[in-house]
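What follows is a set of structures for review.
Common to both upcoming complexes is chain A, partnered first by chain B, then by chain C.
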Partner chain A sequence: MRMMTPLSWLIGLGLMLIAPALLGGSGAVYSAFVLIAIFAVMSYGLDVIVSDLGEVSLAHPVFFAAGAYASAIGSSRWGFDPISTLLLAIAAAAIIAAGIGIVTLRMREFVFSLVTYAVTVVGMTLAANWAFLGGSDGITGIPVFNIFGYSALTDRELWPVAWLLLVAALYLVRCFRRSRLGQEAMTVHLNPRLATMSGIDPHRVRIQVFLFSAPITAAAGWLYSYQRAYISADVVDMYFLILMLTAVVLIGRRILLAPLIGVALILCQEKFLSFGGYVDRIILGSVLIVILSFMPRGLAGPAFDMLRWIKRRAKNINT
Partner chain B sequence: MNFTQQLINGLVLGHSYALIAIGWTVLLGVARLVNFGHGQMYMLGAFVTWFVMSRFGLPYLVAIPIAMAVGIGVGYLMQRTMLQLTIRQDLVSVMIVTLGFGHVLEGVAALFFGSTGQILDTPLSVRDIYIGDIWITWQDIAIIIVAILFFALLKYVVEKTRVGRLVRMVAEDPKLALLAGIDIRKIYLGVFAFEGAAVAIAAALIAPRTPILTSMGFDQVIITFVVVVLGGIGSITGSYVAGIALGLFAAFFGAYVSAAYSTAAMFVFLIVVLVVRPGGLASRPGAH
Partner chain C sequence: MVFSKVARTAAAAMMAAGLLASGVQAQEDPIKVGVIFPLSGGAGPQGKHVNWAIEAMAKMINEDGGVMGRQLELISRDDESTPAVGVSRANELISEGVDVIIEGWNSPVTLAMQPVIARAGIMDITAISKADPILSGEGNPLAVRLNSSNAQDGAVIAKFIADAGATRIAFLTENDAYGTGAQASIEASLKEMGHDYEKVAEELFPFDQADFRVQLSNVKSANPDITIAINANEGLGMPAIIRQAKRSRLPGTLVAAVGTVAPSVIEVAGDASEGLVGADIYFPNVEPFASNEVNRRFIATTEELHDYTPDKFMALGATALQVWAMAANEVESLEKEAVANRIRGGSFENTLLGDITFGENGQLNSNHYIFDVTDQQIVVRDSAN
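Right after this comes the complex of A and B.
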């Protein structure tokens, strides 16, 4: 991805914008593209935690749900517009992330993961039982996405918004990886002792990365609430966690487009090559197992090796 | 609300929690690994017991070893698949892989057993005992007896036998154990197989208390996690005590405060404990 110039990025993103129309422009295609964009943004939040910080956060479904619920409550009960609900979603996720960050300050590896798992369980219980969040009935009556006179009644109309959100997430993650915080996160991940000796405070880095990551996932939840027009406790389902994790590791870690491609592959299988819910579940879990156990660098690893081999062969032939 | 009844419910629940957690206790104590598929392995153990009894009409005492054999097979397969990750101590990947296994097991179980709830009736669960206002089943008594025996046996094996010493050596320093000629692969495979067997026997005993669903694994892994962490990671006695304490907490909280929020309350308690004593209740203050 380093070789990509700004122009090629612009062309690529422009092609992505018109891709649903090029693929026939049916409702199903637009729906798939909107969901791919939303779930990819959701996964980018987790990507920086797994790929850059080197931890496994299992609390990200809560950030996704926080964004979805904040948006649903803000729009349906308080009459907020999409910009206000987005700010509300980001604020809600940031508050939760700060709380988790402070609680888990001294925890690492599996204890950290287990506590974040606990947060998801608490979130699930609250979503299913707390009347303020609609309890088991959920929240209905989410109005149509309407901003500056642009109304998105269908997935076709929502697609430019989803595309913009995706572009923003890509830009943010790219900037993060080039930033001081991104480099500090990698140092803490690869060599915590060296990080401390270099004057980096791992606790501060972890909280800051968490605060950066959670709003990205929450923003996906924000748009998801408008796309579905109904939000209930199933937004905290384990499916979203497995989807995020698989998307993050499928292609390879620390590759900017990897979560997007990962989500696209998974959703295309589920939407267009589905074998039924249970078999799809087995496929998704098996992909996760096989990739991590036998291809730790993801699908991109062997692909890059192959490219390198071809280049070497070509060089040898020329000389 | 009868206090004594709640006390007995809490004790039965507590022994159930401890029994469910026993495999994880060994796994964490020995391999320093976690298994997020533990709950789904519990679910599978319950369904295999139910299937063997209802489909083939085999007795309960035959169904239990069959469920354990399936548990051993699943545990072995899991560890065989991620053995390289375990040896490399790539904990991040191991955690994600076990989550994946849990997801697969749930899909397989729903496909094979169906997604509707089932009732696992055993000869012990249908026999009630009444002492005044107090009600208990023979199944509850069996849970308490098996949990106590299992914990006592495990403590003896880990602390007094050669196998226990080998396992503790691997837990202490896998590389040094390897240099000392110990086949750490066998230990890791054995520990996962043991976890499969332990969770299957727990499922066969405890699942008759409630309807069984293929989606129920999630709850079990949560309880296991709370028990193991509160008990002090890897501590056998600690897990037993934490299991009983949690069972009593869940019974009284459910009866006097809110049944819907009892799991969430357990977690809030756990989080508070972890912030104050990161090593769990059994650790020395300030230990990690």
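Right after this comes the complex of A and C.
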């Protein structure tokens, strides 16, 4: 990715914007692109925790749900516009993230993951039973996305918004990795002792990274609520957790486009090569198991090895 | 000059012929009917059965000349009982150019699909899903639903309690939106009828519970006249309640909430189901359905196609298609607004459910029938409620 110039980024993102039209422009194509963008943004929030901080958070479906519910309640009950609901979604996720960050301050690895999983279980139960969140019936009546006179009644009209959100998420993660906080997170990840000796407070870094990560995932939930126009407890479903985790590790960690490509591959399988609900979930879980067990560097690892080998061979032949 | 005039005339004639041909082609193209139910997972078998029923009804309609002279073509999708998947499948059908979508096994899936289908301007008929917000107009201002609502179901059970003169009532209720909503509907109807009663026990349990001995022990000690069992888990929970209630020698009558006792429940519960009281809106081989010509033809077609006798859910799916076809033929249009307005508040004769009417909000006004279980058979009482 380092080889990519700003111009190639612009061309790539521009091509992505017009890709649905180039692929026929049907409603189903636009829907697929909108969902890929939303779920990719959802996964970028988890990506910085897994790839940079080196922890596995299982609480990210709660941030996604927090964004979706905040947006649904804000728009349908209080009449907030999309900008206000976005701020509400970010605030809700940040508060939850701060709480989790403080509680898990001194926990690492297995215990940390277990506690974050417990948070998701609590979230699922609350979403399904709390009347304020609509209980098992969920929240209806979410209005059409309307901002500065631009109304997105269909996925075709929502696509530019989803694309913008995706570009914003890519930019934020890129900036994070080049920032002091991003460098500190990597140091804490790779060598906590060295980090402490270098004057880095791992607890502060963890909370800051959590506070950076949660709003990204919540922003995806925010747009998802407008796309679906209805939110229920299924947004905290394990499916979203497995989708996020698989998307993050499938291609490889710390590769900027990896979660986007991962989500696109998974959704394409579910959409065009679907074997039914349960079989698709088994496939998704199996991919996660295989990648974590046998390909810790993701699909990009062997691909990079192959490229290096080809380059070496070419060099040897030339010499 | 003359040449150009001839050329213009010829071009105009060719265009007219082309338009006419395309018009004829459009008339001959089949009408696409979208069908979205779970076809995999826990509710997959039931969803497949509803698909079979809609297929049988489409065959009957096509044999009778189709809709506005055009044949029906079904396009079926699996919502996997997941709202997100349902939305995705609805978008696929919209892209396929369907004129109507018949959907709805799980309420959250229906609620998720409604706004998407409504915004696309396509007629959306909910066959089974029961949640009250489906008819609120928020997701689909022109909603139509076939299955009975919680309020209708509650009124039927309340009338049974009042008619039986029971005053000591116990509730065994599934602790979720469906269960608590159904109980609230029964209690609201009892109050509306002015029937004095005492709630002697109220036991709540999660959807997947199978051991009810503690709850039944509490209910038994309260000595109720009637115990209302509200449990939508027909595969596990309801047969377990029936068996364990019999074993615990529960006093009074055990009454199952409307639509929760399918023949499969009685089969699993076995002898313990003797004396159970329930209520439902369709029984394939019991009067008044047994003598209904349309129903008999529907049963015969379904059995011919799939060697399977239709149940209530299948009848509702088939009726959804039949009513839509009748309305479209009558208003001579496939436009959502015209068809929906004909159905909402309208009445239809000779459907497979008999002569039926719809409320202004799109809810089918169901006729409920109280039944007893005798010798492991459903025996419908004489009058409809």
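In the analysis below, the second predicted complex is superposed on the first by the 319 of 319 C-alpha atoms of A that agree within 3 Å, B and C clash if a C-alpha of one lies under 4 Å from a C-alpha of the other, contacts with A are read in each partner's own complex, and residues count from 1 in each chain.
Quick note on the criterion: a contact is a pair of C-beta atoms (placed from the backbone, for glycine too) under 8 Å apart; a residue touches a chain by one contact, two chains touch by 3 or more.
What you are looking at is a predicted structure, and each value in this text was computed from that prediction instead of being measured.
Peer 1: Pick one for A:Ser286: touches chain B only (first), chain C only (second), both, or neither.
Peer 2: A:Ser286 sits against chain B, while chain C stays out of touch.
Peer 1: Given the touch rule stated above, what does A:Gly27 touch, chain B (first), chain C (second), both, or neither?
Peer 2: Second partner only, chain C.
Peer 1: For A:Asp137, is the partner it touches chain B (first), chain C (second), both, or none of the two (neither)?
Peer 2: In the superposition, A:Asp137 contacts chain C only.
Peer 1: Regarding the shared-chain residue A:Ile242, is it in contact with chain B (first), chain C (second), both, or neither?
Peer 2: After superposing on A, A:Ile242 lies in contact with chain B but is clear of chain C.
Peer 1: When the two structures are overlaid on chain A, which partner does A:Glu184 contact: first (chain B), second (chain C), both, or neither?
Peer 2: A:Glu184 sits against neither chain B nor chain C.
Peer 1: Is A:Tyr278 contacted by the first partner chain B, the second partner chain C, both or neither?
Peer 2: both
Peer 1: Could you look at A:Asn129 and tell me whether it touches chain B, chain C, both or neither (first, second, both, neither)?
Peer 2: both
Peer 1: Between chain B (first) and chain C (second), which, if any, makes contact with A:Asp47: first, second, both or neither?
Peer 2: The answer is neither, since A:Asp47 touches no partner chain.
Peer 1: Following superposition on chain A, which residues of chain A contact chain B and also contact chain C?
Peer 2: Looking at chain A, the two contact sets intersect at 128-129, 278-280.
Peer 1: Chain B touches which residues of chain A in the complex?
Peer 2: It comes out as residues 50, 54-56, 58, 103, 106-107, 109-111, 113-115, 117-119, 121-122, 125-126, 128-129, 238, 241-242, 245-246, 249, 278-282, 284-289, 292-293, 296.
Peer 1: Show which residues of chain C lie in contact with chain A when the two form their complex.
Peer 2: Chain C residues touching chain A: 38-41, 44, 78, 80-85, 87-88, 91-92, 94-95, 107-108, 111-112, 114-116, 119-120, 131-133, 136, 138-139, 175-178.
Peer 1: Residues of chain A touching chain C in their complex?
Peer 2: Residue list for chain A touching chain C: 26-28, 31, 35, 76, 128-129, 135-138, 140-142, 144, 153-155, 228-230, 232-234, 237, 239, 270-271, 274, 276-280.
Peer 1: Taking the touch rule as given, give the residues of chain B at its contact with chain A in the complex, in rising order.
Peer 2: Within the complex, chain B contacts chain A at residues 28, 33-34, 36, 81-82, 84-85, 90-93, 95-97, 99-104, 106-108, 110-111, 115, 218, 222, 225-226, 229, 233, 260-261, 263-264, 267-268, 270-271, 274-275, 278, 288.
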